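Look at the two complexes coming up: chain A is in both, with chain B in one and chain C in the other.
What follows is the complex of A and B.
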C-alpha cells in the first residue's frame, strides 16, 4: 500500500485549487482511507443484519407488551421483567444455569487438563486415543443427547441392561427418579462433550512449552508436582483462558442437551436459561417475557465476554 | 513432562486412558448396537441384538425422507460455509494487512458476537426471519449459520493470514498486480491449509446446528438431518432403532472431516484467540 498512485494525482493536479488546499489529492486520500472498510463491508452487513438486528429486536420486545397472538401492544415498562422475577421457576432456572455452567465448565477444565497431560505422554495407541477423544466434539449435540436419553431410560435403557448383564444390579434402576438426578445426568453429558475441546487446547498449549524448561527444573531437583504447578500450569494459562471463556459462553448457551433429555421437566425444575426462554416463547407464547429472559442472559454473558475481550486485546498488544 | 516412569505409573496411565475411552465410546456402542436391534429386543434389556437387523439401515430411507434430510443438511452447511468464507476472507485480509481507524472496535465486535448464540436471540431471529419471509426456508438457515459462524471464520482466517509474510504480495504488487489479484493469486494458495480448516469447521458447525432449524423449519421436507431425526419420535413410542441408524449416517461424515482438521483447528483457535 506504499506506492504512490500517480495516474489519478496528475488529473487532480490540473486543478490548482486542490494543490493550494491540500498537497495530497483529496479523493485519493478518501479512497485509501475507505478501502479497508470496503473489505469489511460484506461481513459487517451480514453480521449487522442477522445478529445486531435480532439483538435490538430482543431488547425492544423485552420492554413491549406482546399478546399471545404475537401482536405488539405497545410499551410495557418493566412489566415483563417484573413478571419473570415473580416466577419461582425462573429463580430455580437461574440457579440451575449457574450450577450447570460452573459444574460443566469447571469439571471439564480439570478433566481436560489431566487428559491433555496424559495424551502428551508417549504411549502405545496414543494416536488412536487422540482420535477417539475427538468423537464427542465432532458429534452433533442433539445426537449425543438422544443417545444418552436412551441410555438412562428407566424401563429399557442401555445402562440398566449393561449393569444387569454385569451382575452389578438385580433389577432396573430409575436413573432419573428426581429432578436433581435428571439434572446431574445432563451435567454429565455436558461434561462429556466439553472435555475434548479443553483437552485439545491443553495439548496445543503444551506443544509450545520449551522442553529445556523442564530440564532446567530437573537440574534444580524439582519434583513432578513442582514441575506441574511451577512450570506447566502457569505456561498453560493462555490456552486455558481461551478454552474456559469460550466454554462458559457455549455451555451457558447450550440448548440441545437439556431440551432433549428432560425438556426442563419435571415441573420446570431442570431448565437452564435458554430452555426456559425457548419454552416461554414457543410453547407458552409469552414472547415479551422470553425476551426479558434473553436480556438477562446477555447481561450475565456480557460480563464474561468483556473479560475475554479485554484479555485477548491485551495479549495482542503485548505481542 | 519428562519424568522417570515407574511401572506403576505406566499401569495407571493405561488404566486411565482405557476408562476414558470406554466412557467416550459407550454411547457410540449403544448407537450401533441399538440401530441393529429388532423392535421387540429394543425394550427387552438385550445387550447385543440376537439377530442383527441390518435391514434397519435400509428401511430408514423408505420410512422417512432421510435422503431429503441429508440433502438439506448438505445444502445448508455447504451454503453457509461458502457464504461465511466469502465474507470472511476479505474481512480477515483487511484485519491482517491494513491499518485503519476502528480496527480494534471491529475486532472487539467480532469477539463479542461469539457471545450471542442463536438460542438467546431466537425471539429476535424469529421476528426477523418472519419479516424477511424466510421462515421455513433453507436460505434463512444458510444466512443464519453463515452469520453465527462469521466470527470464527474471520478469527481463524486472520490467524492464518497474519502468520504468512506479506513480502510475496508486495512483490506481486510491484509487478503490477492489484490488491485483489495479489490476494487471490499469491496469498490464498499459500493460506490454503488454514482456509480448508476454516471451511470444514464452519461446515461441521452448520451441519450439527439444531436450535435454529428446530425453530424456523416446520415443513417436513425442509428439515435438516438434526431436526429430521425427530420424526422417529412418535407421541406414543420412539423408533429408537431407526433414530440411531439415521444418526449414524449423520455422524460418520462429520467425525471423519473433524479428524482431518483437528491438528490445525486447535492451534488456530487458541493462537488466533490469544496471540493473533
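What follows is the complex of A and C.
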C-alpha cells in the first residue's frame, strides 16, 4: 500500500525554487549537475577497465611482434595482418564463419518462429513442451558439444548403436568422414542450442499482439496464411530484429561447439574466426597474429552492433 | 547522504584500481606463488617460485609433500610450487613472461623458444656436479643447443606397439607384427574376423599429438625430422613413404573413424576395454583394471621408439636482490629433487621412467618399495627393467631447434591434408620443408 506523503514534505516541495533561500545558487547548481556523473563514475571506471583496456591491449598486440615465449619485441607495423591475409586457412575460416553465422542464425530463426507459433496455441501439456524447449538453452554449451561429439562418433557413438539396434543401418556409418560433414554437425548443434532463444523471443512477441486484430482479420475472411503474413509476422518484426541481431553476435563469437567437436580440424577446414585465433594463440603460440584476427573479428562485429544500435534507436524514435 | 555514498563509492573504486594496477615487475614479498620471483621474502628467506606440469590426478599431492619436506630441510628457502594443467601451461607461462612474472623454475616440454629470448640460465650454473653425473648422458645432451645445456630432464617415457593378443590370435595372427606389411596383413585379418566390433589400428593425427604419429612412421621408414647433420629434412623420400602409409591405413578402413580429432586418450580407453586391436602408445597406457591380454613390442620397421622427455628449466631474474642466494636455493632444489629415493618415489607415483642413472638401477630392482599415486599399488621392478632398457633405442623430438613448434604444427597439417586427399605427400612435405628451412 502506498503511503500518503507527509504534510510538511508537500509544503517543502511545493515551495517555488525562485524564492528558496540559497546563499550560493551557482555552486549548488554545479554540484547538482555533477552529481549524476559521480554516481555514474564507478560504472564508467569499471567499463573502462573491463572493456576498453582489453580492447586497447588487443589492438596494441596486433601491431606488436610477440615471440613464441611471449616477449614483446616491439612495433611490427602491419606484419601480423599481412601474414594472416596470406594464410589460406584464414580465408577459409572467414568463409566458414559467414556460413556458420548465416546457417545457424537463419535456420534457428525459421525453426524458432514455427516452434513459437506452435507453443502459442493452447494444447494439453504445453507447459511441459515449453520446459523441454528450454533445456538446450539452459544446458552449458560445452556439455552439449561433448555429448554430441560422443553421439556421432562412428566407432562407439550412440547414434550408430541406436540405428544398428533398430535395424536401420547394417554397419557403422562414419558421420564425420569429411570436413564438410564435421562442419554440418557443428551447424546442427549450433541450431539446436539457438532455437530456444528465438522461440521465446517469438513467444513474447506473439503474446503482445492484440487478439482483436485476429478477430478483425477473421471477420474480413482472412485465411491462416493471410493472418500469418499480414498480421503476425509484421507485428513480430521488432522481436525478430532483436533476436536476429543478438544471435548474429552470439553465434559469430561462439567458441565451445566448434572447438569441442573438431578443434577446427581436419587440416584447419572447420574453423571459425574465434577457434582459429585461439589455435593461433594457444597452440601455435602466434600471439600477435591471433590478436590481428581478433581485431578483424571485432571490426566485423562492430558493424553488426552498429546496425543493431541504429535499428534500436530508430525503433525508439518511431515509438 | 547521497554525497557521502558517492564519495565512498568513488574512493572504493580508486582503491580497487590502485590495487589492480600494481607494478608487475616490482619485487613481491613472495607470499603469492605467481608473483615476482627469486625475491627475498619475509625474514631472510629466499623465495623460489616453481611451476610444475600436472601429470596425473595426484601430482599436487606429491609436490605438496615435497614442498613441506624441502622447507623443513632448507629453512632459508621459501618454496612456492604451483601445479598447472598441460592444457593451460603454455598460455600461463606466456602470460607470466609478458608481465615479467616468470617462475624461477619451470617444468614444461620444450625450451628453445625461451633460449631464443635469452630468458634461461645455463644448466651448469645451478646444478651440482653430483646431479650432473646422475643424469643419463643422452638426456643431458638432448637439452643442449650448440654444446650449452639449458634444461634438465624431469622424467621420460617411451612409446611402443601394443597388441591385444587375444584379438590377434582369434584372427589367426599368432605374433605381433614386426614389419609395416605385416601390420596391414594383421589389420585385414582383424577386420575380416571381427568386422565393425573391433577397430584394428588406433591412429591419432590430431592437433594433440599428430607429431608423435609422424615420428613413429617416419623414423621407422628410415626418415625423420632432421638429417645426420641436424638440419631439417622433412621432405625425405622415407618421410613421403611414411605419410603415404598413414593414408593407406585410413583408406583401407583399418583405423578409428576420426583420426583427425581422436586423441590417444579415447584410443587408450578403447584398447584397455578390448575394442581396439593394436596401437602405438606410452608404456603406461593400459588401464590398471584392464583385463586385456596384451604384448608391448618394438614399433614395426626399424624398431625405433619415441622417447618423450619433459624438462625443468630455470629463468633468469635480474631483479632478484641476492643472485647468489637465489642460485644456491635453486641448486638445493635440484639436489633435493634428484635424490635417488625421492626421485624414484616420484617416478613410481606418476608412472614414468627415470632420467637418472641411480634411479634407473634402483627401480629395476626395488620398485615395489614405492607407491603408485592415488592407489595402494606399488611399482613393478620388471616393468622398469623392461622399459628402461628400451630408452636407449628411443629417439626424441628435436626440441632444441628454434623452429620446432612450427615443424610440430606443420607435420600435423601435412598428415591431415594428405589423408584428406587435398594434396600429395610429396608436395605437402616439400612445401613444409620450404617454409621451415627456406
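The rule is short, and it goes like this: the second predicted complex is superposed on the first by the 294 of 319 C-alpha atoms of A that agree within 3 Å, B and C clash if a C-alpha of one lies under 4 Å from a C-alpha of the other, contacts with A are read in each partner's own complex, and residues count from 1 in each chain.
As a convention for this text, a contact is a pair of C-beta atoms (placed from the backbone, for glycine too) under 8 Å apart; a residue touches a chain by one contact, two chains touch by 3 or more.
Keep in mind the model is a prediction, meaning the values are calculated, not measured.
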>> With both complexes superposed on chain A, which partner does A:256 reach: first (chain B), second (chain C), both or neither?
In response: first
>> Just to be sure I read the superposition right, which of the two partners does A:281 touch: chain B = first, chain C = second, or both, or neither?
In response: both
> Which of the two partners, first being chain B and second being chain C, lies in contact with A:154: first, second, both, or neither?
Replying inline: second
> Should A:67 be classified as contacting the first partner (chain B), the second (chain C), both, or neither?
Replying inline: second
>> Per the contact definition in the header, classify A:204: touching chain B only (first), chain C only (second), both, or neither.
In response: first
> Who does A:162 touch here: chain B (first), chain C (second), both, or neither?
Replying inline: first
> Where does A:299 make contact in the superposed view: on chain B (first), on chain C (second), on both, or on neither?
Replying inline: neither
> Of the two partner chains, chain B (first) and chain C (second), which one does A:172 touch, if any: first, second, both, or neither?
Replying inline: both
> Any idea whether chain B or chain C touches more of chain A?
Replying inline: B
> Who does A:42 touch here: chain B (first), chain C (second), both, or neither?
Replying inline: both
> Of all the chain A residues, which ones make contact with chain B and with chain C?
Replying inline: 35, 39, 42, 46, 49, 155-156, 172, 281-282, 287
> Where on chain B does chain A make contact in their complex?
Replying inline: 1-3, 10, 13-14, 16-17, 20-21, 23-28, 30-31, 34, 42-47, 83, 86-88, 90-91, 93-95, 98-100, 103-104, 106-117, 119-128, 143-144, 146-148, 150-151, 154, 173-174, 179, 204, 207-208, 210-211, 215, 226, 229, 240, 243-244, 247, 250-251, 254-255, 257-259, 262, 265-267, 269-271, 273-276
> Across the complex, what residues on chain A touch chain C?
Replying inline: 35, 38-39, 41-42, 45-46, 49, 66-72, 153-156, 171-172, 174, 176-179, 182, 261-263, 265-269, 279, 281-285, 287
>> Quick check on the complex: what are the chain C residues that touch chain A?
In response: 2-3, 6-7, 9-10, 12-13, 17, 20, 90-91, 93-98, 113-114, 116-117, 119, 195-196, 199, 206-207, 256-258, 260-261, 270, 275, 405-406, 409, 413, 416-417, 419-420, 422
> Taking the complex as given, what residues does chain A use to touch chain B?
Replying inline: 1, 3, 33, 35-37, 39-40, 42-44, 46-47, 49-51, 53-58, 61, 114-115, 117-118, 120-121, 123, 125, 129-144, 146-148, 150-151, 155-156, 158, 160-162, 164-165, 172, 192, 200-201, 203-205, 207, 211, 214-215, 218, 224, 227-228, 232, 238-239, 241-243, 246, 249-250, 253, 255-256, 273-274, 277-278, 281-282, 287, 290-291, 294, 297-298, 301-302, 304-306, 308-309, 312-313, 315-316, 319
